[in-house]
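Each of the two complexes below includes chain A, the first together with chain B, the second together with chain C.
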Partner chain A sequence: MIDLKNADPHFKWETIKKEGGKGLLKCFGCSDCAASCPVRYFDERYNPRKIIRLTLLGMKNEVLSSPFLWFCAHCHACTERCPQGIMVADLINAIKNYAVEQGYCPEAYKLQLDLLKRLGRLYEVEDFDLKKRQRLGLPPTDKTIPEVAKIVEYTNIIKYANSKPQVPNTNQDDSSCQEKMEKE
Partner chain B sequence: MKKYALFLGCTVPVRAQHYELSARNVAKELNIEFADMKDASCCGFPLKAVDAETSLLLAARNIGIASKMNLDLITLCNSCTAMLSDAQKQMKNIEYSLNSEVKDIKGQVGNYKINVQTRSRGVIECNNCGKCINVCPVEVDDEGKKRKAIYYVPTYPDMHAIDYDTCTKCGECIKVCQGKIELDHKITEKEISAGAVVLATGLNWYDVSKVEEYGYHRLDGVMTTIEFERAVASGQLKPNKVVIIYCVGSRDSKHLPYCSKICCFLGLKEAKLIKDRFPDTQVYIVAMDMRSYGTFEYFYNKLRELGVSFIKGKPSEVFKRNGNLVVRTEDLYTNELLEIEADTVVLSSGFVPDNPTFDKLGIKLNGDFPVLFENAGLGNTALPRGIFTAGSATFPSGVRDTLIDARKAAFSVLSLFKHDKIETKQPNAQINEDLCSVCRMCIGTCPYNAVSIVDDKIKVNEELCMGCGICSITCPSYAIQLEGFNPRGLFNQIRTLIKKGDILALLCRWSAYNATDKAAYDKYSYPENVKIIRVPCSSAVDPSHVMLALLSGAKGILIGGCYPDACHYAKGNFRARAREQMLKLNLDLLGFNKNIVRLEWIGKDEANKFVEIVEKMNK
Partner chain C sequence: MKLQYYPGCTLYTKAKPLNTSLHACFNAVGIELAELPHWYCCGTTFMLARDNRMSLIAPLRILAKAQQEDGKVLVPCSICYNTLKRANYMLKENTEVLDIINEHLEESYDGNEIVLHPLEFFRDNEELVRSKVKKSLQNLKVGCYYGCLLLRPQQEIQFDDPEAPTIFENFISSIGATPIDFPLKVECCGAYLVVNSPDAAVEASYKLLRNAQDNGADVVVTTCPLCYYNLDALQGKMKKAHPDFKEIPIFYFSQIMAIALGMEEKKLGLEQNKVSPYEILKEYNLL
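And then the complex of A and B:
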C-alpha cells in the first residue's frame, strides 16, 4: 500500500531541478511509456509510469531504493511516443542522479567510477591492444587519461557514490531481488 | 383530410385554452388535422418594439420548424399571424448558392466582397426515381463507399446530382430521366456584397498516417473512423474482432495538443454500429480517458451493457503477427501489459480546422481553432470584427453545441448592425513609412498575425490589431506607434518624470493601472515618490526604458501586469517575464542590484497588493 504519510512533498521539486527532470509535472499517466518499453516486455516489474507516478506522489524511499529504477536501457522508445513531449529517459536519469545523491548508488556504478578514475576509460588499454591497433594501422592511444581523475575529484560524485542512504532501506523487494540477480 | 401545423404562440395555450379547444373542435368538423409543433416558441411579436431583428429571427425559427414538418401553418392569434407573415416576406431575402466555392473574400466589416464560383449540378428537375443510377456505367469509390457518377445527395435540395470529376458524359442518364438533365458542366462566378460573414464550414479529420506507430496505410485492416463506418454500412466488412483506438494524435504535443471533444462519442457510435449489426463481434475500446460528459454517460453505460470492453491505456504500437493485427498496450487498471489480436483496428482521430477558408480571409490560425484565442476581456480576438464562426468552424462540437453557436453568431451579426455607425477600434498600431526599414521583426512578434507585407511595405490589418504595443517596442527604428503610446515618447516621459530616489511604476492598463485607481478610491496612501506611467501591456516595456529610468536616478522599477493566463494580449505577460529575466542578468553583470527591478502580477482590484509592493520597494 502507498502510505502518503511517508510522502516527501519536496521530492518532485528536487527532481525537476535535476538535469532532464523538467517535464515531470506534464505527465497525465496515459501509460504509453510503459507500453512502449522493451525492458518492461521482459521484466514486468520495471514500469516507467509507476516510477514517475510515485515520484509525483512524493514516495521518495520507494522510488530511490528500488533496484528497478536502474533497469532503464535508454532506448528512448518512450521519449519518442510520449504525447506530452516529456523526455522520459532523461527524466528517469534525473531520478537516478537524485538517488545517487541520496546514497543509493548501485555497486556496478561504483566499480565503473573506479575504473574511470584510474584509467580514464571503462576498458584498460594493454600492450596487447596497442599492438593489435598497430597491426590494423590505427594510431596508438593513451593507456591512462589522468585528467579524468581530476574532473571526478572536482565534482562531488565520489562523495555521493560512497555515501550511505540516510533512511534505512524499507523496500522489501530489494533484498530478494538482489539475491535473485546474484544467483542468476 | 388536410393537415396543418398548429402554431399556438404564448397566450392561447395558457390563458385562452377554451379558444384552442373550440378551434380544434371546429377543425375536426371541417376535416382538418392539426399537427403539434414541437419546440415552437413565442412568435416574436412582443419583442418587436424592443428589437425588430430579434423578433424576426424568432418568427423565422418557427416558420423553419413548420417547413421542416413539410406543412403549412395555422395560427390562432392575430399578432402571431401578422408577425409570421411579416417574417415570411422578409425571409425571401435569403439566397442560396449551392455547389459553390468561395474564391476569395476582400474588404472589411460593413463592406465585404465575396467572389463565389458556382458549379452546375447537372440535374435540373428530378423526382428521385433513381433510374439514372441504374444505367450509369461509371463506378466511383467515394472514401470506401461505392457509388455511380450520378448519385443521390441527401441534402438540400432533395435531388440527384452529377459528379463531373468522374462523369464521362455518355448520355445514358438523359435517356431514362423523367425530369431534366444537362450534361454541360457550367461554372459561373458572381460577386456578393455583404456587411458581415459567418463561417460555418465545419472541420477536417486529422491525418492519422502522421501517427506512424499505428501503421495507417502500412498495415491492412487499420482504418479511420469514416472508412470503417462506410465499409460496415455498405456491407463490405464483417469484422470478428475490432479494436477502436481513441485519441490518435489528440492531446499530443507532437500532433494536436487539444482534446477534440466529440471523438469519444464518435468512437462509441462506431462500437454501437458494430454491436447492432453483428452482436457476436468482440469490440475493444482502448482510451486514455473516456470523456463522456453530460447525458452521453447513459450511452457509455449502455455500451458496457452491450459487452464492449473498455481498456484504459494508450497503445504503444500496432503490428502484424501471423496475419493478424496486434495492438500492444498496458491495461492501467491491472497494471499489466496487454496485447489484443484483431482483424480490424479503427483509429479515432481528432479534428483540425478548415484552414483553406480561413486562409482566404487572411486569418492565420497556425493549426489551432479560433476558439483557442477566446478571451473574456476582448472576445474572440483571432477574427476581424465582421467575421463570425459557427459550429465546428469554431471548435469541434456536436449538434446541440452547433445550434447554440449558430444562434450566437446570428445574434452577433444582428447586434453589429443595430447601429448606423461602427466605431473604429482604438488604439491601432500605425506605421511611419519614412522610418520603416522593412526588417520584418514586427511580423514575427505580433500575437494576432495582424502585420503583413503588402507591396514590399509593412501593413497593419486594422481589424486584427488589438493595440497591445508589442510591435512598437520590438521595432528597432521606432517606426510603429500606437495611438496614445509611443516608445520614443515613453523615453521622454521617463526622462522628465524621474528624479533621484523615485520609484517608476509601469503598469498594464488592464489590471495594475486599475489597481492604483482602486487604491485612490479606497483611500490607501502610498509614497509620493512613486511615479506611475500607464502602458498598454506589461510586454510593451523595453529593457532600455528600465535602464533609462535607472540612469535618471530611480531607486526601483515596478512593472505591473495581469496574472498568468489572464493576459489580454495572448501571453504578453510571459513575454514580459522573459524580458525581465534577461534584464536581471544584464543588471547583475553591470553591477546593479538586480532586485531593484520587479515584475509583479497585480489584479485590477488588488489595491492593497500594489501599495504593499510599493512601500516595500521604498524602504
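And then the complex of A and C:
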C-alpha cells in the first residue's frame, strides 16, 4: 500500500529539471512501456510505469532506492511505443542520475569509479597485457592515466556516489515484501 | 569503386567473422572497403549519457575525420551505427553543442556526414547483389533478427519502420534465400544485462529464438555483434534452463551473403560459431 504521508511534492519537479526528465508529466499511465519491456518478461517486479507513477506521486525513497531502477537494458522499445512521445529510457536514466546524486549508487559502479580514480582506466593493465601488446608489435602503454583520474575528480561524482542516502531509507525492499507474502 | 568504412573495435576482436565475411562480400560485388585511418572507439555508451557533451566528442571526431575523406562512411556494427547516427542527429539539431565541441577540438564538422549501414547499401544496389549470387539458398529458411539498435529511436536513426521493418527480409530474398518473418524480430536480446543479470539475457534470447523456430526458421541471421553473442554463446545456458530447446545456428548477415556468393569456407569465419552451423549447411549442400 502506498502511504502518501511520506510523499515529497517537490520530487517530480526536481526530476523534470534533470537532463532527459522533461517528458515525465506527459505520462497518462497507459502501461504501453511496461507491456513492451523485455526485462519485465524476465522479472515481473520491473515495471517502468510503476517507476514513473511513483515519481509523479512523489515517493522519493521508493523510487531512488529501488534496485529495479538499474535493470533497464536501453532497448528503447518503450520509447518507440509511448503514445505520448516520452523518451522513457532517457527518463529512467534521469532518475538514475538523481539516485546517484542522492547517494543511492549501486556497488558495481562504485568499484568502477574507484578504478577510474586510482588508474584512470576501467581495466587494470598487467604484465600479461604488456607482453601481449609486445607480441602484436604495439608500443607499451601506461599503467595509469592521471589526466583521466583528474577529470573524474573534478566531476565530483565520487563524492556523490560514496555519500550516504540523504533521506533515511524507510523503504521495505521488494524481497522482504515477498518473504512476508510467502509467510502469509 | 572505393567505399570508406569504419570498423569499430568489435570487428577486430569478438566479431572478426563479420569483418572478414563483409570484406569478402564487398570485394565480390566489386567494391573495395577503405578503412578510415587512425580510427578509435565510437564511444558506445551514447545511449546511456544523453546529457553529457563529453560523450559526443568521440563520435564527432570520427565523423569529422570521415568527412575529410569522403561524404559517407559505412558502419557495419549496429552499436557504432546507433552511436554515430544519433550523435550526428543531435549535433545537427543542436548547433550550439556542435559549435562548442568544434571549438574545443579545432575541428570544423558541420553535421552532414552520411552514416551508412551495409544493409542500406545493399538495398540501394539490389541488382548488383542479385547478379553476383552463385549458390541457391532457396531451401534455407532464414529468420531475420533486427535487434534494437538499428531501429530505435526511429526519429533519430531513420533506418526502417521500428515495428515492422522489411529491409532485412528484402536483403535475404535478394541473395536467394527464403526469409522468415517472426513477431519478436524487433525485440531486445537482453543486451548488456548479460554482464549483471545473465539469466535475464538468457531468457530474453531464448524467447526470441524459440519464436523464430516456431515460425519455421532453420537459422537466425543478425547484424549486431552483441545480439550475435547473446543468441549464439548463451544457447548452452538456454538448454540447461529449457531442456526441450533445440539449438539453432546463428549467422551474421554477411556470412549468409558470402555463402550465397560462393565464397570459400575460410573467408566465412564459421569456426567461431559456438553452435555448429556445418550440419545445416551440409544438409542443404551449401559447403
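Here, the second predicted complex is superposed on the first by the 159 of 184 C-alpha atoms of A that agree within 3 Å, B and C clash if a C-alpha of one lies under 4 Å from a C-alpha of the other, contacts with A are read in each partner's own complex, and residues count from 1 in each chain.
Criterion: a residue touches a chain if its C-beta (ideal position, glycine included) is under 8 Å from a C-beta of that chain, and two chains touch if they have at least 3 such contacts.
The shown structure was predicted, so the numbers you read here are calculated from the model rather than taken from an experiment.
K.L.:
Could you say whether A:93 touches chain B, chain C, both of them, or neither, answering first, second, both or neither?
P.N.:
In the superposed model, A:93 contacts chain C only, not chain B.
K.L.:
Taking the superposition as given, does A:74 touch the first partner, chain B, the second, chain C, both, or neither?
P.N.:
second
K.L.:
Have a look at where A:83 lands relative to chain B and chain C in the superposition and call it first, second, both or neither.
P.N.:
It touches chain B, and chain C stays clear.
K.L.:
After superposition on the shared chain, which partner residues are touched by A:41: those of chain B (first), chain C (second), both, or neither?
P.N.:
A:41: touches chain B and chain C.
K.L.:
Report the partner of chain A that touches more of its residues: chain B or chain C.
P.N.:
C
K.L.:
Let me check the overlay on chain A: which residues of chain A are in contact with chain B and also with chain C?
P.N.:
Shared contact residues on chain A: 41, 77, 81.
K.L.:
Taking the complex as given, what residues does chain A use to touch chain B?
P.N.:
Listed in rising order, the residues are 28-32, 34-36, 40-41, 44, 47, 49-50, 77, 81, 83-85.
K.L.:
Any idea which chain C residues touch chain A in the complex?
P.N.:
Contact set of chain C toward chain A: 47-51, 148, 151-154, 162-163, 186-188, 190-193, 196-197, 199-200, 203-204, 207.
K.L.:
Going by the contact rule at the top, pick out the chain A residues touching chain C in the complex.
P.N.:
Where chain A meets chain C, its residues are 18-20, 38-39, 41-43, 70-71, 73-77, 79-81, 87, 89-90, 93, 97, 108.
K.L.:
Which of the residues in chain B end up touching chain A in this complex?
P.N.:
213, 247, 251-254, 288, 312-317, 328-330, 332, 335-337
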